[in-house]
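Next come two complexes, and both contain chain A; in the first it sits with chain B, in the second with chain C.
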Partner chain A sequence: MVGKTVTLTGNLAAGKAAEMAKPKVIAVYPITPQTDIIEYLSGLVSSGKLEARFITVESEHSALAACAGAAWAGVRTFTATSSQGLLYMGEWVFWSGYGRLPIVMPVVNRCLAPGWSIFVDLQDSMAFRDAGWIQIYTKNNQEVFDTVLQAFKIGESKDISLPVMPCLDGFVLSHTTAKVELPDPEEAYSFVGDYSDPVVEVDVDNPWAYGGLVGPEQFNIARRDLMKAMERAKAKIIKVNKEFEETFGRSYGNGLVEQYGDDDADLTLITMGTMGDEADEAIDQLKQEGYKVNGVRVRTFRPFPVEDIVRIAKKNHKLFILDRAVSFGHEGPLRIEIEAALKRYNLDIPTSGDIVGLGGESVPYKRIMKIAKEALRS
Partner chain B sequence: MTDEGPEMPILYPMEGSAGRTGDWRIFRPVVDPEKCKKCNICWQYCPDLAITAANKEEDRAIIFDYEYCKGCGICAKECPFGAITMVREEGGD
Partner chain C sequence: MGTKLKDLMNNPKEVFYKGHFACAGCGSALALRHAIGAIADKVILVVPASCTSVYQGSGKGVSFNVPTINTAFASSDSVASGIKAAMEIKGKDVHVVVWAGDGGTADIGIATLIGACDREEDILHIMYSNNVYSNTGGQRSGDTPIGARTSTTPDGNTTARKMVPFIMMADNAKYVATASVAHLTDLVDKVKKAVSLKGFKFIQIDATCPVAWKVDFSNSIEVARLAVQTGIWPLFEWERDTGKVIISRPSQKYLDKENRKPIKEWTEIQGRFRGVTEKQLKALDADTDRQWNFIKKFL
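Entry: the complex of A and B
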């Protein structure tokens, strides 16, 4: 059986990728705009098409706690959430990250209340950037499928042992149908591989406990190991991106960042998520009008691709960062990271930026063109 | 660690890692071997593994490990036959 080209929503793309990775335990609680992912998987399990334990729970807190238990037992584990649901999971998000449990959990990005809204911004997942999860932001439904598949391979490798949060823009991707190339399921599964050598595993003959009292020495050994694992994850993500290209013919930049446009441009636009796709269109249009603009889409926010940002920034005169979240009392989280990366390498490159697209505000390419022209003038 | 997985503070069970917790006891559980039916319900409930299970074949009642028994009284509460009584420790402060 060979792959096929179909049309799928972003949610269904995430669900299909999870299906092909064959998780053994799925524990979930529904929340808009994520619900389609788990509805799809629930249907597969109840009709016997997917051999997994599907645990329905009373809250997101329990959903991720159940996943953590399953991950500790040493099986492939999957869940998904959004917005308020992610916040309610909060305690277990940190437990899973600091506990090095390779759970895969797509987060369908949705803004946080109040005011009450179900539309996209990145405030929800950004609030968990320090939870020890790998975060990969996607630009279209194809990348959603590909990233969820890659997430198992990245997180479950023993030298990484981290949970992965593939992020997709709510509604813009989750509920919008677009073309997706699906691989042959067997080929997809063999790419991910069996989770036969789990990073942790329950052993009834040699019982152990996790979460007990530890002194500062053991505590710091664990935290420093997590820091190193995040550094190693950069190379791992690049490697998996390359292997994915060799197997399926698709890649996303080097895996950490995706660049679009001229290296020696007068302005570099730095974006994340679907804004990156709109920025590519804006760059093409601007080129026709005689402007030299470069685009960089940050794919992995954690680990943050400091080296790639610096390498690209060095060739440019000016950076403009588009954030879809706010760190109140400072700037957009992406801009904070970019400026810190430049400072670390003592690069004196002018940066500016804007916070756009909060609460589902549309950021089409025409608006990005306008923003770019203003940035070039200033 | 790269090949053997992550560095995590995993705890393995061992005897008396918190010292001789029997010193904490205010009430001491005492078993009446005549009343003990060797059902081992107390042994299942003991949170500190401070009870050696009774043996029906040897007609031997449960045995308390007073080195580690904290005197919580759960065994006395759970015993369906009233075979365990909590007796105030002598001395103390």
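Entry: the complex of A and C
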């Protein structure tokens, strides 16, 4: 088979990527707007097209717990969730991050109740930035597919061994059909490779205890090792992004951030997710009107691309950050991280920003143009 | 199956290395040594938060000689399901066994337990029942008997214990049994039978906690024996395929209430029942009858 161009929703793009990576255990619990991902995979397992155990558990808490069990047994695992479901599995999000279990779990970003809404903001996954997961935010359905495929390769690398959360905006991507180039499945699988050398593999003949009591010394060794793994993950994500480009002809900036525009612009807009795609359009339109605006889309929120942000900030001193989540009592989480990155490098660059798009509020390019013009005036 | 006393010393391998952290007279550690020891060559143990997560030892000093996955409290059967699924895919024939207390089974663990049961996961859940949250200092659990003082029921527990075996029968488990640390050969028989069957198996063991029950550790076995003799803890097996209950040999005599020792003989050697009222004892007796009447329906 060869690759082909099709139209897919973001959810099906995630499902197809998982299919091509051939996970062995998939444990799931349904939540809007994630359901198409798991329904698609259930069909594949039931028809025998995908050789895996598909476990329909009684809660998200158990979905991730079952994936963790399978990961401890050394096989490739997959699940997906969203919003309240992510919160409900929260204990296991931390457990699998700190336990270094390389589960791949797309999160279809949806706001948190109350009020009750099924539409996008990034409050759900942002709540788990400290859980030891690699988080990669996507801008379109093609990137959803590519990122889910890359996630297995990144997380399962023996020098990383971390779970990965590819994030896609609920409905804007999950339920919207768009063009996606699918690779030849065999080529896709060979890109990911077998999960043949797991760090952890529970074995009757070689008994070990996992997750038990430890004293402060061992505890700190484990946590510091996780910190180092996250730091190594930056280079790994860059490398996988490059290899992906060599194999399939697509890449996303350097893997950590994607820049659109010029360094010498008068303003840099920093965004995440689909807002990045709208920002690109806004930048094109603004250019026609004579404005010079640069766009930076933060792709990996964890590990956070401190060096890239600093490099760009040094060249362009006017930064405007668009957040789609809030850290109540402070600012948007993206802005907090960027300000901290600048401070770490003693860069005295004031930032400005806004919190937009909460609860599925639309952030089209026209609105971003308006925001950019105001920022340029101030 | 006919396990003999001398067989208890001939397990495939010893579960414990030297130096576990369990208290003297701990029913859980004793039960684990024999129940898991009997199948130790093929077992993967899944342990939610409990005394067992502590007494296995710490760091490099883990005393268990079987692979052990410690899990978050409310999810042991889900973790076990994932392990079993992975092992099946890998073509490895192993017994995945959840070893959980009454909190991790009857209370916070009930959703994961029933979820795995209704999916017919091929795992064995062993609930070692010490009737309280022993590891956190003896707070009431859903498994606490009427009248028992715990650190959160200073005047004695007022409600009947949650009978998880009955719940598992209703949820159509493959095999359900009760056992006691006072009858280890019977326990080993039941564990061996459970792992010979494919599907979800459940065994609840009455496992003395000398600390929470306030009994001298030298009476650890005696109090469990009295639970059988007073009828407080009926030993039985139930199989889905027959739909029948079989009263286990140590309990057969006590099917007839006339033969049971007075419940007071069980309560009086336990400090947790000090100050128990006649009303509470009456309620405890009525609850014991309720359990037997339930079981009798399946004879």
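Please note the rule applied: the second predicted complex is superposed on the first by the 378 of 378 C-alpha atoms of A that agree within 3 Å, B and C clash if a C-alpha of one lies under 4 Å from a C-alpha of the other, contacts with A are read in each partner's own complex, and residues count from 1 in each chain.
Heads up, the rule we're going with is that contacts are C-beta pairs under 8 Å (C-beta built on N, C-alpha and C of every residue); 3 or more make two chains touch, one makes a residue touch a chain.
All values derive from a computational prediction rather than experimental measurement.
After superposition on chain A, the partners chain B and chain C collide with one another.
Residue contacts after overlaying the shared chain place A:K158 against chain B, while chain C stays out of touching range. Shared-chain residue A:G253: touches no atom of chain B or chain C.
By the touch criterion defined above, A:A52 lies against chain C but remains apart from chain B after alignment on the C-alpha atoms of chain A. In the superposition on chain A, contact of A:P207 is made with both chain B and chain C.
When chain B and chain C are set side by side, the one touching more residues of chain A is C.
Looking at the shared chain after the overlay, A:G360 reaches neither chain B nor chain C.
In the superposition on chain A, A:G90 makes contact with neither chain B nor chain C. Contacts of A:V199 after superposition on the shared chain: chain B is touched, whereas chain C is not.
By the touch criterion stated above, A:Q218 is placed in contact with chain B and with chain C alike. On chain A, the surface touched by chain B in one complex and the surface touched by chain C in the other have residues 206-210, 212, 214, 218 in common. Of all residues in chain B, those touching chain A in their complex are 1-13.
By the touch criterion given at the top, residues 41-44, 46, 53-54, 56-60, 62, 64-72, 74-75, 77-90, 92, 94, 111-112, 114-115, 119 of chain C touch chain A in their complex. Contact residues on chain A toward chain C in their complex (touch as defined above): 24-25, 27, 51-53, 55-59, 61-63, 65-75, 77, 91-92, 95, 202-204, 206-215, 218.
Contact residues on chain A toward chain B in their complex (touch as defined above): 99-100, 158-159, 161, 199-200, 206-210, 212, 214, 218-219, 221-222, 224-226, 229, 232.
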